[in-house]
């Protein structure tokens, strides 16, 4: 099967420092793909390049075989490439339902509609409510986002992305800062997503990664080190060295 | 909503008051600029008005004078002035509108006077065309052409052949520039350069450098009374134009008593034309300046105070003539041709234009008893505004 | 589709007219009968309220800081004034003309303004408005410069109502235009478009990630805000039949900012209430002591920023909670 | 030639008045629109020292700076510091409030009129060279401006205070961790900014005048300097001021009809081409 998301020699330099150099990554349709590596390996930079948050210094990003390198972030979202953020990026003063409806409206192309109130766009609101239901957020639908516990907020972070009906979902450390019990639940939720959503995941918790991912790419110092199935990665000597090195440093 | 309650109370109180007072007071609505950059204008005019009332009592033709004062700061916003005038007419029921420091204010209010049929006494704004904007306008200040023309004539007669003009870029400035060019050219002089400068924040150095490089006999300057005059004189001195043999000739706005102390000694010897000087020698003026010094020891009387004083004088005299009626048509009719002796000298109201006719003096800055004064040494009597001919 | 058991009414009700709003809009009608002699002031309150509303759209909802909003107000004012001066004195035509011009100017300048940080925006809006001010100042033949544009003669409204000295026509005209524009704005901010603006203000980083063309939305709202300001400017010209250069001044922009903050940004009623309170206070205080009312205005502003950043609307919104607390004690 | 000299001098005056804003805005990231109010305070203080106490000008001007600095410290301690963490909009509004209060107070205390100032004789007059007239006061301004620019640059980049200041600005928390008294650094910096404003105000009376409207009249110019020069950059402010002074004066000499339009246009174009300012600090973080 053709890769749904692909990069060719993607490079990003900040001054003389290459945060991401010559990365050629391929993510298959329907994959559960994880991106791991020690701190500063360039994982988040890569996500930022994929989504258009940063412009690459060189190289290309292809979505479903078409280049999207020159497209803006929102245009890539429209084509099904959606992300979450490592640090929550939410709408603090909106209720949960309002936030998610906002995202749904945007996907339905209602973002420019200015006549009917949001509440009258029944389809959008219903869809948002449904999504909240699947994420078990329905009971806090009318709470303001900023009043919620961190674990719930982390779910909203994902809900906002799911509302865009992603074909490729980039999750940047979804469980960061979430207590262990809740993070397992969170991953179960992610795991229940249908197979037509391709997932590329950055995660530090190796237990979660090895339970979830079917394929793993390891990055070090801005470049790809290796890519394989989890079992192979677990036994890869170079990967062990990298992580051992980090452990010693820390 | 405490505010609304207060407003309502005030409204009721006003109504009750209106009903109780049988002997109708004479309400004069004053639109003055009392804050912002032109705050000094409103202050001076108000001083003049109050001095007149203090001197002559606050009852005119049997009616007690009530002043209703509105601040139309910044003074250049016609919409504000107009609204205040409208309120004075509609809400405060004033009989007469007076004040108007700057041209936009007078222009904006003129239609109100016409529509409401209220006499409108212009006590400062000096663009020539103002009195043509309503038949009920009478002016007791001056017009720029009126002040400028005698100076141009004097200059041409006194060996000044080539002049560079600098005026502030607004109505009065255009009036002054136009009149000076016209009169000076007719008298055989030559204008070697002209520039219009912004009304706000002028920095004169570059303009004065240009003047210096052009080497005229004199530079003619008009700027609105206040900071611009100070800045000009500083620049003039610093650039050494006097040493280069260039004289300053100006309308008296440059050297008005309110600011002449800020200019300091560099003003000495400057020639100007104007209608009022604190140093004018007459019994009326002596009384006026003495009363002023007593009432407002921190300030010095200037032409605006005189215009306010004369404006009240006009109102008083007209009402004596009309038997206390402030009806706009009667007022304007009675004001036409009225003559009296003002602190500035003899003045009258032109029956044709309702504008002021007055003596224009040529003066020179001299130190008199420790104070810088504009000492008059030549004059042109009963001079009409040439801007309307 | 599985039926979801959730009460959606809070979201749907948000857009319904509340009793308090109806009462609010009855106030100006009552004011007409209560203060028949203050209609000139009341009309200018209505006009300034519309102007404040326009800034609220761009600052309160979309978070674009502007120190030069008077530029559009001024453009509208001059457009209406010049149209009337040269024979097209019909008020509604003037209003339309001003709206078109200001909207176009807003659209063009939005591309300059929407670059850079808050500080850059502050400076660019200021710079653009100062340029327009200077241009109007210099084009004396066209605008009358500092002396103001005279000879603005308005035809009767709808061929029927002349602009009278008492300001009755002016008041109803300003009030109705304000209400219609408010109603439009109200729809706008409650629509998905309006929500996306709130989203941009609350988290500009997230918006592109949910598929929002942020720049386009900002251009749109800036353009609309400019159009609103233009209409307000035109109303001022038509009801006073005069345009002074001051309509474009920096102080007008700054004062507007104060009004909006006083009322509370990001709620349409904040703009209206802020204007009413500000102008009434200005009128009242400057009546008592014309020279120094500015001092209290400044003091009020400092206190608001330090202690009541959400303005009068914020205070009103907190009232129920405060009352409940009191009852609880 | 003279016109170039005049342009440089008026640019230098602009620098003297604006550099304090560059310090507070650039180094402390506080949009203090009330900067002009501190300059005005310095101006009035100078006038009072000169006319009421009869002090010589060269003593009165630095004393005026001290007065402004003291006012700065008091206000910083009581009010400004509460707003360091606030949005730029809040800071703008707050400082506009202060401006209004300052204007009314000045009006109340000194009246609406221009304040007279008389320079000592040795600062007046001109030196006439062939083709070049040098105003002595302008020369004095240029000298003061240059030495201030040099002194400030040295202080920020070479002294330990400067190092601590930069640390405190870039990362207050880390600076605290290093034992730097961040609060005190900020107070001192604000005092410095106010003192510079006060000095600029005192030296500027001669050319700009002094009345209660001062803080509003020149606000746009201060902002232009900082915006074009890049905030927090002393050399940038200097270059920007000189450039603006030159543009302004030469524009007025040759094209008086165009007026102030040139300056605003220059600013807008600059901001669009280089939002960080001509000599903007590279994003430090």
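Labels for the chains are A, B, C and D, by order of writing; each one numbers its residues from 1.
The rule is simple: a residue touches a chain if its C-beta (ideal position, glycine included) is under 8 Å from a C-beta of that chain, and two chains touch if they have at least 3 such contacts.
All figures in this text were calculated on a predicted structure; none of them were measured in a lab.
Touch-path distance (fewest steps) from subunit B to subunit C is 1.
Counting C-beta pairs in contact across C-D and across B-D shows that the higher total falls to C-D. Taking each chain's centre as the mean of its C-alpha atoms, the one that lies farthest from the centre of subunit B is A.
Taking each chain's centre as the average of its CA atoms, subunit A and subunit B sit 73 Å apart.
Taking each chain's centre as the average of its CA atoms, subunit C and subunit D sit 33 Å apart. Averaged C-alpha coordinates give centres for subunit B and subunit D that are 36 Å from one another. With each centre defined as the average position of its C-alpha atoms, the distance from subunit A to subunit D rounds to 48 Å. Across the assembly, subunit B contributes residues 35, 39, 169, 198 that each touch 2 or more other chains. With touch defined as above, residues shared between interfaces to two or more other chains in subunit D number as follows: 107, 257, 259-260.
The multi-chain contact residues of subunit C, meaning those touching 2 or more other chains, are 137-138, 251, 291-292, 294.
Shown here, the protein chains touch in an arrangement that is not a line, ring, star or fully connected set. Interfaces, counted as pairs of touching chains, are A-C, B-C, B-D, C-D. Within the complex formed with subunit A, the subunit C residues making contact are 1-2, 4-6, 8, 10-15, 187-188, 190-196, 198-199, 202-203, 205-214, 217, 220.
By the touch rule above, subunit B contacts subunit D in their complex via residues 35-37, 39-40, 43, 169, 195-198, 200-201, 203, 205-207, 209-210, 212, 226-227, 230-231, 234, 237-240, 258-259, 261-264, 298-299. Every residue of subunit C that touches subunit B in the complex is listed here, in rising order: 34-35, 37-41, 44, 137-138, 140, 145-148, 150, 165-167, 236, 240-247, 249, 251, 277, 280-281, 284, 286-287, 290-294.
By the touch criterion stated above, subunit D contacts subunit C in their complex at residues 31, 79, 82-83, 86-90, 92-94, 96-105, 107-108, 216, 219-220, 223-224, 227, 231, 257-261, 264-265, 267-268, 271-272, 275.
Interface residues of subunit B, counted against subunit C in their complex, comprise 3, 6-8, 11, 34-35, 39, 69-71, 73-74, 76-80, 82-83, 86-87, 89-91, 103-104, 107-108, 111-112, 115-116, 127, 133, 169-171, 174, 198-199.
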